[in-house]
Amino acid sequence: MQLHLLTWMEVEDYLKTSQGIIVPIGSTEQHGPMGLIGTDCICPGVIAERVGREEGVLVGPTISLGMAQHHLAFPGTISLRPSTLIALLKDYVGSLSRNGFRRFYFLNGHGGNIATVQSAFAEIYAGQSFLANPESRDIRCKLTNWYDLPEVAELARELYADKEGHHATPSEVSVTQFAYPDHIKQAELGELTPYHRFPTDAVDFRNCFPDGRMQSDSSLARPEHGERLVERCVTAVKRDYADYLKAS
Amino acid sequence: MQLHLLTWMEVEDYLKTSQGIIVPIGSTEQHGPMGLIGTDCICPGVIAERVGREEGVLVGPTISLGMAQHHLAFPGTISLRPSTLIALLKDYVGSLSRNGFRRFYFLNGHGGNIATVQSAFAEIYAGQSFLANPESRDIRCKLTNWYDLPEVAELARELYADKEGHHATPSEVSVTQFAYPDHIKQAELGELTPYHRFPTDAVDFRNCFPDGRMQSDSSLARPEHGERLVERCVTAVKRDYADYLKAS
Amino acid sequence: MQLHLLTWMEVEDYLKTSQGIIVPIGSTEQHGPMGLIGTDCICPGVIAERVGREEGVLVGPTISLGMAQHHLAFPGTISLRPSTLIALLKDYVGSLSRNGFRRFYFLNGHGGNIATVQSAFAEIYAGQSFLANPESRDIRCKLTNWYDLPEVAELARELYADKEGHHATPSEVSVTQFAYPDHIKQAELGELTPYHRFPTDAVDFRNCFPDGRMQSDSSLARPEHGERLVERCVTAVKRDYADYLKAS
Amino acid sequence: MQLHLLTWMEVEDYLKTSQGIIVPIGSTEQHGPMGLIGTDCICPGVIAERVGREEGVLVGPTISLGMAQHHLAFPGTISLRPSTLIALLKDYVGSLSRNGFRRFYFLNGHGGNIATVQSAFAEIYAGQSFLANPESRDIRCKLTNWYDLPEVAELARELYADKEGHHATPSEVSVTQFAYPDHIKQAELGELTPYHRFPTDAVDFRNCFPDGRMQSDSSLARPEHGERLVERCVTAVKRDYADYLKAS
Amino acid sequence: MQLHLLTWMEVEDYLKTSQGIIVPIGSTEQHGPMGLIGTDCICPGVIAERVGREEGVLVGPTISLGMAQHHLAFPGTISLRPSTLIALLKDYVGSLSRNGFRRFYFLNGHGGNIATVQSAFAEIYAGQSFLANPESRDIRCKLTNWYDLPEVAELARELYADKEGHHATPSEVSVTQFAYPDHIKQAELGELTPYHRFPTDAVDFRNCFPDGRMQSDSSLARPEHGERLVERCVTAVKRDYADYLKAS
Amino acid sequence: MQLHLLTWMEVEDYLKTSQGIIVPIGSTEQHGPMGLIGTDCICPGVIAERVGREEGVLVGPTISLGMAQHHLAFPGTISLRPSTLIALLKDYVGSLSRNGFRRFYFLNGHGGNIATVQSAFAEIYAGQSFLANPESRDIRCKLTNWYDLPEVAELARELYADKEGHHATPSEVSVTQFAYPDHIKQAELGELTPYHRFPTDAVDFRNCFPDGRMQSDSSLARPEHGERLVERCVTAVKRDYADYLKAS
């Protein structure tokens, strides 16, 4: 049930029974010496695709560019400014809501997106809230980080304990290894630099974390871990999505 | 040490020994039948003023309008759209950084601001990060919610347990009663409505929480609680601000 | 009758008898060696507060950041770009008009705001004017500079003649001395530089007026002058506001 | 010396001796039953063209669209929003300054432009003022309203006394009659409606002034008046422009 | 039938029989050593004026600033950024559509405008397309390049064969010579530089084409060619405009 | 050589020998009863991926949302406004150019993108062109429509003659059938409606072309045609990309 692989007539049919859609959102950014630049897109994309297939839920095209300004000192990173990402999300939601979608479940793969995505939700709602007599479309959006779902976080802790870290984590690398077994990277990893505070801009980030990893031992990643993580996450997202539709 | 009560020459002197500033940021929005519309400004303003006075730290003018779109169905609420608040914060930080300020500590009184303020930080940093050879001003910003500081949250729990709730909380109302003893409001409070999910737009909010409170029993507020909360918070902010300067 | 010190229910009551509000607007900018950085906020704030109290008129939160780009070469100045201030004013007026406010009386303390505030009014009206069948909210805005009210200007002339000047004027400094008697500044004032033309950008301003004053002998300021000026201005604003409501 | 009728090589030569340019700016808006929609462009255009020819000063292309939102209830009016006009002026000045122009003298024909044009100047200057170490292009802009030049205002008073009014004035209509003798319009003019306050939006304007004139008896216009007004104004602009170059 | 030379009452009459308008759009940019900076405005302006006169079609004010960023390395060029030109076109069309215009025929004189003008059309249409239940004004816009009309292109080929080139073409220069016989320029023309690819930014353009011409031998221009080209083009535009009204 | 499947270190290596990148850009929009909503992304994505693999050229993440406002009356379409797409492209190019990319080859699958993408290029170049002393990054962008490459257009003509049409063409549908053999759709196709003019907004489009196709008989599509089209196109893009790098 990927939007890209349907015709508009099939979408018209879908809207007769559901107004909900899952939208994977990631980022295109460095993930250290072993992590793929597409990691943050691949993870929610793989999970959402499977939820969509198994549950008959529509999955929109992955938003593959996110807010990654702090990674811009590493070649290959592409960042949208917060203002650009807000505009994109307004148009994404505005387009689909025009023909009947009302519940937007964003499955997120990148912590750096959270603030901007929530600001975009507020900007979208503000379009209604400033009107005194709104003929509201009653659009409701939700953001879920796949790696924060309790079952997933628990498994990551089990597998990697404090080696999980915060960027280029073994758990996300594992998921990409499971998804792209032909693209597993090997690299000599140096020592991790200690974490004092979250970096600010790109230069600061690279100064703090010269190889791009934040406390994460990516070398612990294994494709079979990825499989287990995806499995768990698919179950969790099914429940979370169902709860969302019910609650709103 | 309030910026508004200094001359530019005094600021010039201040910059010889510190590049830091505390900026209270709040909102102008309904706080239920007993809470003042200015609650979210008054709280961080009172706390910051005292930290500034006792520690010789400069305190910038309070940003009194925040992101409050979900409260717009109640008269008296004023909201900035996320895009407007981002522009304002860019100019605020950009102006002060021009003459030497580098560390911006935002003391926040409104949960609805968090995502937008963090997006603004990212937009500010992105100004540097997109440049390959940046002559960075090395601006660093931090957001602290006064009510989330551990000592403060602990005292609130002690005083009100689960009656604290999420909006028009007895703790914030207490602080305003302490700050403005002549403006303590009395009101017949109805039953609290149950909390299912965070509301989306203004109409949704008023439907969910008809008198404006989210799980909070504002009637428990007392000026003397306010005094204790301010006391605790001032101590906590002093420490948090010092840590921030040291870490960054 | 300050919005910040009311509950939303009190505002709801107020709207039953009036759709008008007074909004003080100032700036955060250098005012020479003796003038407070907050001068332009303090003056209209003090006056509006008293008008509000004596007349039962609602007073909104002071807009404390204005268009002060020409003062940016002096530390402590904060300027909004014109485009930012326009966005802020649209949201301020748009928020309050949502629930019934229709007449916005801006009491201004800063000459540098005038063009931008009037542009903002035009941008707000344009929102209606481009529509062919407008269901207009009939929003009407007015800008009054407190120092230009005839009675006030006359007293300033009487007190200071041509020493009043154009920036960091003794009359505005007097008002702040009256409002904040504990923050009266002393400073050795140099000679005033001659006025040839209004400066353009920040560097040009500081070149033309090295200590920040434009033809104003701030040393003539006295708190008791401030008291008289406020007195006069309060009377003038009461009349001006009443005329405005009647005429529009 | 109209920019449109030169080659770039001639402009290159011009820049060897002058960095100044005159820019006529008007509006495309109703001017009552007898006034041309192009009145506000035609007047400064005719005057600037002659100053340019007689003094060897370069004249840029007339900005023919202005801020005319309040006239939008009359067919044929075209208005730019303030934000659009600000963007246009930034690009106009930014383009010419790239290759050496530094002094921009705007000769304005429309009162409704004033606030927006001055906001645009501030936005342009702000581009420099926010920079701490500006390599300023030292751009300086000035706005002169042709009808406010003392000699011109005096002649208008002499000719029409209080019938001059504020919109579709006999003096501006006279100038267009002189410029376009084949396009002199005749119309039955009704009574003038009294002036209470400046209108707000387009609907309000048309309600207040149903035929589009504000206190102006356009029927007093004569082409020979136009000739005299242009004559006077050309002299005044020559002096004003020369003073401007000298002072800045 | 130029909008600038009508009263609003005449426009009101015109709208009873037609909802169409012709809008000349050009650019203010270098046209080599012999071409006028205003070339791209003069050509469509002259043609549109005559079509308007002979057919009774209304002609709006010429948009004299276009998208000319690639010419900015030559003094005298003025460019709007694409985003500015889009805003201008939205306001132009939005203003006239408010009172009844529905068909906008842009007669274009500058290739560099095409992409931006079409983007502006899309931005205007998007205003409607995002709405589910649009009360559309049914605005329709069309762009015609005068030099691309078959009869015109054919005559240019006949007169100049491959010396016509792409910028500062003898055909456009001829039209300006016909329109402004007193402003025919003489210049020693160097050799044409070969054309490899379309230049990107201003520096690149000047590097590729040092005197500003792209493959065009402007010296072949003659006022009498201009007369013939205008003649042909007027006939072609009459037909093209009539077809447009019929088809849409 | 897909950016998403590399590490930043591999990108760093790549930049030692090339500064070029291929960026597939498409749209998410209805393609009639038999065409996939993702058609315009799938086609350039498949082609670019293979060129990248065979030639060692880097391929950036597909831009899957395009300018599709005219398709918004069909469920499932997502459109970016032109202004949003311009912002996205600025950030995409700006991010990659920061670390060394200089040649951006956009392989486009959607005619509706052309004007906006070219406007974006101009907006990017304008960033340099407005500067007098640019330290240009010498960014150069090129747009190629895969279906307009001569070899490809020829084969499409050969296969479908005038049944190819303009939207939901058998050639693009064939490519998606080749790429996704499990997602070949069957549908009863009605008669094609005649083509009079290109539609304007979404409502107009659906009125003109009720099932979404513009003159295209999608039922002629075959996966084996898709294979041949991709083959041809890959060869053509290799040559076109090499020529581009050489010429610029």
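Letters A, B, C, D, E and F name the chains as they come in the text, with residue numbers starting at 1 for each one.
Just so we're on the same page, contacts are C-beta pairs under 8 Å (C-beta built on N, C-alpha and C of every residue); 3 or more make two chains touch, one makes a residue touch a chain.
All values reported here derive from a predicted model rather than from experimental measurement.
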| item | value |
| --- | --- |
| Between chain A and chain D, the fewest steps along chains that touch one another | 2 |
| Chain copies touching (chain D, chain E) - same or different residues, decided at half shared | same |
| From the options D-E, E-F or B-C, the pair that copies A-B, where over half of the contact pairs coincide | E-F |
| Separation of chain C from chain D, taking each centre as the mean of its C-alpha atoms, in whole Å | 29 |
| Inter-centroid spacing, chain E versus chain A (mean Cα positions, whole Å) | 46 |
| Separation of mean Cα positions, chain F and chain C [Å, integer] | 54 |
| Per-residue multi-chain contacts in chain B, two or more chains | 72-73, 79, 81, 83, 95, 98-99, 129-130 |
| Which chain pairs touch, all of them | A-B, A-C, A-E, A-F, B-C, B-D, B-F, C-D, C-E, D-E, D-F, E-F |
| Chain B partner contacts - residues on chain C that touch it in the complex | 2-9, 11-12, 15, 28, 30-38, 41-42, 60-62, 64-65, 72-81, 83-84, 87-88, 90-92, 95-96, 98-100, 180, 183, 185, 187, 212 |
| Chain C - residues contacting chain E, complex | 129-132 |
| Chain C partner contacts - residues on chain E that touch it in the complex | 94-95, 98-99, 137 |
| Complex contact set, residues of chain F against chain E | 67, 69-70, 72-73, 79, 81-83, 86, 112, 114-116, 118-123, 125-126, 128-130, 134, 136, 138-141, 196-197, 200-204, 247-248 |
